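For reference, the structures are reproduced in the following blocks.
Each of the next two complexes has chain A plus one other chain: chain B in the first, chain C in the second.
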Partner chain A sequence: MELIDQSCGINAFYEAFGLKTQPDQLVVALAGNPNTGKSTVFNALTGLKQHTGNWPGKTVLRAEGTFCHRNKKILLVDLPGTYSLLATSADEQVARDFICLGRPDAIVVVTDATCLERNLNLVLQVMEISPRVVVCINLMDEARRRKIKVDAAALSRELGVPCIPTTARDGIGLKDLKDAILDLAAGAVKTSPRLVTYEPDVEHAAAELATKIQAFLPQWVNHRWVALRLLEGDTSIIETLCDPLEEELKGVVLKKEAAAWER
Partner chain B sequence: MGAVNHSLASLLSEIDSEKYSKKRQEIRDSIVSSIYSCAETIAGKVVHHQYERRTELDQKIDNVLTSRMLGIPIMLILLGAVLWLTVTGANYPSQMLAVGLFWFEEQLTKFFLLVGAPDWLHGVLVLGMYRSLAWVVSVMLPPMAIFFPLFTLLEDLGYLPRVAFNLDRYFKKACTHGKQALTMCMGFGCNAAGVISCRIIESPRERLIAILTNNFVPCNGRFPTLITLSMVFMGGAVAAAYSTAAATVMVVALVLVGIAITLLMSWLLSKTVLKGIPSFFTLELPPYRKPQVGRILVRSLLDRTIFVLTRAVVVAAPAGAITWILANIYIGDLSIIGHLAGWLDPFAHLLGLDGIILMAFILGLPANEIVLPIMIMSYVSAGAMLELDSLNALRMLLVDNGWTWLTALSMMLFSLLHYPCGTTLLTIYKETKSIKWTIFSALMPLGVAIIVTLVVAQLAFLLGLV
Partner chain C sequence: MSRTIVPLSQLPNGASGKVASLTAQGLIRRHLLDLGLVTGSWVEAIRRSPAGDPAAFNIRGAIIALRNEDANQILIQTD
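Take a look at the complex of A and B:
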């Protein structure tokens, strides 16, 4: 019963996003900072020809495409490029809601090898929500040109999730990326994501709050993460999560977008 | 369920009111700094720099392109160069296309005569539909096929964020978001695309301003109108050798007027109906990337040129037929167009236009591309038949219909400033989900267009320039 309810809820959620999923299809989200070549990775994986441009914020429309790898069908959802998931803007909220509520089978975070440090902020935030993360270290050619060395194996060890170096516009590393996505999405590989350790009093307050809200939250969501959002004063996520009816869940997502327009 | 929600609500309000609220910002800062320092630690272990992050060459280029002294002049030169290439390059293929397409019209006419088709059928299909199609294709295709790849090239190089950087302080003075410079640039391609791109602006107030003013930069549906009229009237006013240069200067000047109006209206809006302060943001200057020329050509041709052209053709065909019908159904001794134009004439003259031009703008609401063809067809069907295969023939036709340089200038200004096309309005509705703002987004530019052309025309009359 529980299972059926959950899958109904998620389908309603996908519908609210305008997505049609097939039963045997894996859903994979593509996140990343703006201007990391996310659209290029998306095109390279799906074979679609969305226009890519060299300016932050090119992908304002959510795009989706499918591809097959090792006989598995995968629906790839290109999320808006964001620097964080703290949901201060509409596109950050879209990305966050999709990663959290959409519960994709895997999340690929595309990063720019030439400025990895800034990109890791987003990776760390995504890993707090879901352990099913693959990091795509893109623009390796540019990093090489600028004499920047990125040790992908070391990064995988540090983060506890697979990290794949790519040069998407030349198609380099894409097979490895697809393998990693599929292994993770199909459950063949388990990750142990490194979580950010906060200051002791924040950790303590979060743990305390997490036990309080536990009863209201679905099992699949990371309670510590929700508690941290509440501590920051962001109640939008818990309101969406606790809505009992799927219809309302759909409504809330849409209403929230509409509310952004009310002056 | 109700009970659960109730206790949750009380828990939430408890969180809201309790000790947490005081420390909220503190906690947020602490969370963010923990994330940052974690990222820093990891990056320190896995990334090895041999040089500093941005290459020196990139830095040097940026110092020039975004400098206070040279930033804006270089931008103007680039804009001028793109437009000059478009104007010069488009001229010749435009004429070739026109000659070819009008030659085919003759063959069509011969065919219709041969099979003994009725006059009205020939009129609607050939003189109405085909002719407006031929116009749209020959006037629009060449400039678009040149402008789009050039623009995409700049986009792929990474120049647009530099434009945003240069214009940031002007937009800040207008109390709007610096990223509006980016959305404005996207409007050059297509205002509907520009309106969608406004999603990159976080604050609803600034996003709305960006949406409402996007229309003030000419899209590709209007560029051909501006280019053609500049060639005909401004280019014709100087020696032949300088005509493209003069036309380019004219179009650049119009674009600058559009940008000035964008800033002015943004400022007015943020001082009146959409009050607020500009929000702070960090703009990243991405590294310059080698553009993939082949891909740019293919993508900009297929995705944009063909897309926009198809849309224009789809609208132009029925519009051409309707215009022909309106021009050939007589009530009394005047065609319907004659009546409409006569009725609009007094008002149009105040703006330096005439009734036919104004009517073409009204009928051209679905797509700006068809304004010029509708206007020309209305002139042609009212008078003698003409073969419009050269700019000179067009100039003759317009002068015969009482055009002066003021008419051309007024029409260009009106085209630059008036309401956005139907597609853009629909997009604005989809983006704002508000009928009120959609209507405002049509009426506000219309008001601006009327005021500007009225002032220009009345000044010209007053000073006896015409």
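Take a look at the complex of A and C:
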């Protein structure tokens, strides 16, 4: 009797989030600051197929939808708009947990071209968790109207991930965005995200902690990131970490009981 | 030219300055930093609600409303 099945862990996670995935489907998360046109990008990519739902136990709205590109099915998950992934609110925690535990095949961070600087904080934070990031520089029409020029190629070089200018409202740049998403999600393109380097003391402590975390949290995508949050004294991450562990412990106990009964 | 440091909550509408420091701690500090309020950021007071709290500020190109309670913990250098 097998009570814990590691291989179905990720599907169980998606189910807990109310997502139904098909085996040949790529999962792509859509993150971004509030008011960057995230939902416009979402609707432009998915057409009219989206429906909204609630995250379990939270009053935060979430949307999901599917689209096909180059014969590949993609499930797009619209995450709540946040300034940060450091989980100071329920929205941020939902976004963070999905990116960390959901291991999406790609993460699109939608940014506002008219105030790009303030959006890059989130971009850097997402890149710290996963290298599979596409930056969508949206509202390019608005930026042009305000005489703001955005050099997407230079930004791509600096960040080490693809940056695609779009005007989602008019459908401009969406094909490029889909291409970039698919290339990344299917593994055809590798990124080399520029990571924030901390003080040597912090880096050393994080590395030490990360190796210890790795042993009992194989499902987490990035142990260095978890180590940094723990060093920061983030208590919400401890709760998130303990949930699956408790389930696992429950499984182990049940298994032992079953074995004892058989004897 | 004289330089003065005032809490953001006391910046009159239309006036602007640079963030000198944050006195907030913990999650609020983290949140303010995430909003782009780091030392040296330019901030402008835009308008106030009828009761004076909250007030709206231009922070790095976005209009953000802050409660007085939080804006009190942001020190602004005006010159």
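We adopt the following convention: the second predicted complex is superposed on the first by the 213 of 263 C-alpha atoms of A that agree within 3 Å, B and C clash if a C-alpha of one lies under 4 Å from a C-alpha of the other, contacts with A are read in each partner's own complex, and residues count from 1 in each chain.
As a working rule, a contact is a pair of C-beta atoms (placed from the backbone, for glycine too) under 8 Å apart; a residue touches a chain by one contact, two chains touch by 3 or more.
Everything quoted here is computed from the prediction, not taken from an experiment.
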Original post:
Per the overlay, which chain contacts more chain A residues, chain B or chain C?
Top reply: B
Original post:
Given the touch rule stated above, what does A:Gly171 touch, chain B (first), chain C (second), both, or neither?
Top reply: neither
**OP:** Answer with first, second, both or neither: which of chain B and chain C does A:Val196 touch in the superposed model?
**Re:** first
**OP:** Quick one: classify A:Gly187 as touching chain B (first), chain C (second), both or neither.
**Re:** neither
Original post:
First (chain B), second (chain C), both or neither: which does A:Asn121 touch?
Top reply: both
Original post:
With the two structures laid over each other on chain A, which partner does A:Lys147 touch: chain B (first), chain C (second), both, or neither?
Top reply: first
Subject >> Where chain A meets both chain C and chain B, residue numbers >> reply: 35, 86, 88, 114-115, 117-118, 121
Original post:
Across the complex, what residues on chain C touch chain A?
Top reply: 27, 30-31, 34-36, 59-62
Original post:
In the complex of these two chains, what residues of chain A are touching chain C?
Top reply: 35, 83-84, 86, 88, 112, 114-115, 117-118, 121
Subject >> List of chain A residues in touch with chain B within their complex >> reply: 34-35, 49, 51, 53-57, 60-61, 80, 86, 88-91, 114-118, 120-121, 123-125, 142, 146-152, 154-155, 158-159, 169, 194, 196-199, 202, 205, 209, 212-213, 215-216, 228, 230-233, 235, 238, 242, 244, 258, 260-261, 263
Subject >> Footprint of chain A on chain B - complex, ascending >> reply: 1, 4-5, 7-8, 11-12, 15-16, 20-21, 24, 27-28, 30-32, 34-36, 38-40, 42-43, 45-51, 53, 55, 152, 155-158, 160-161, 179, 182, 196-197, 199-200, 202, 204-205, 274, 283-284, 286-287, 289, 292, 299, 303, 432-434
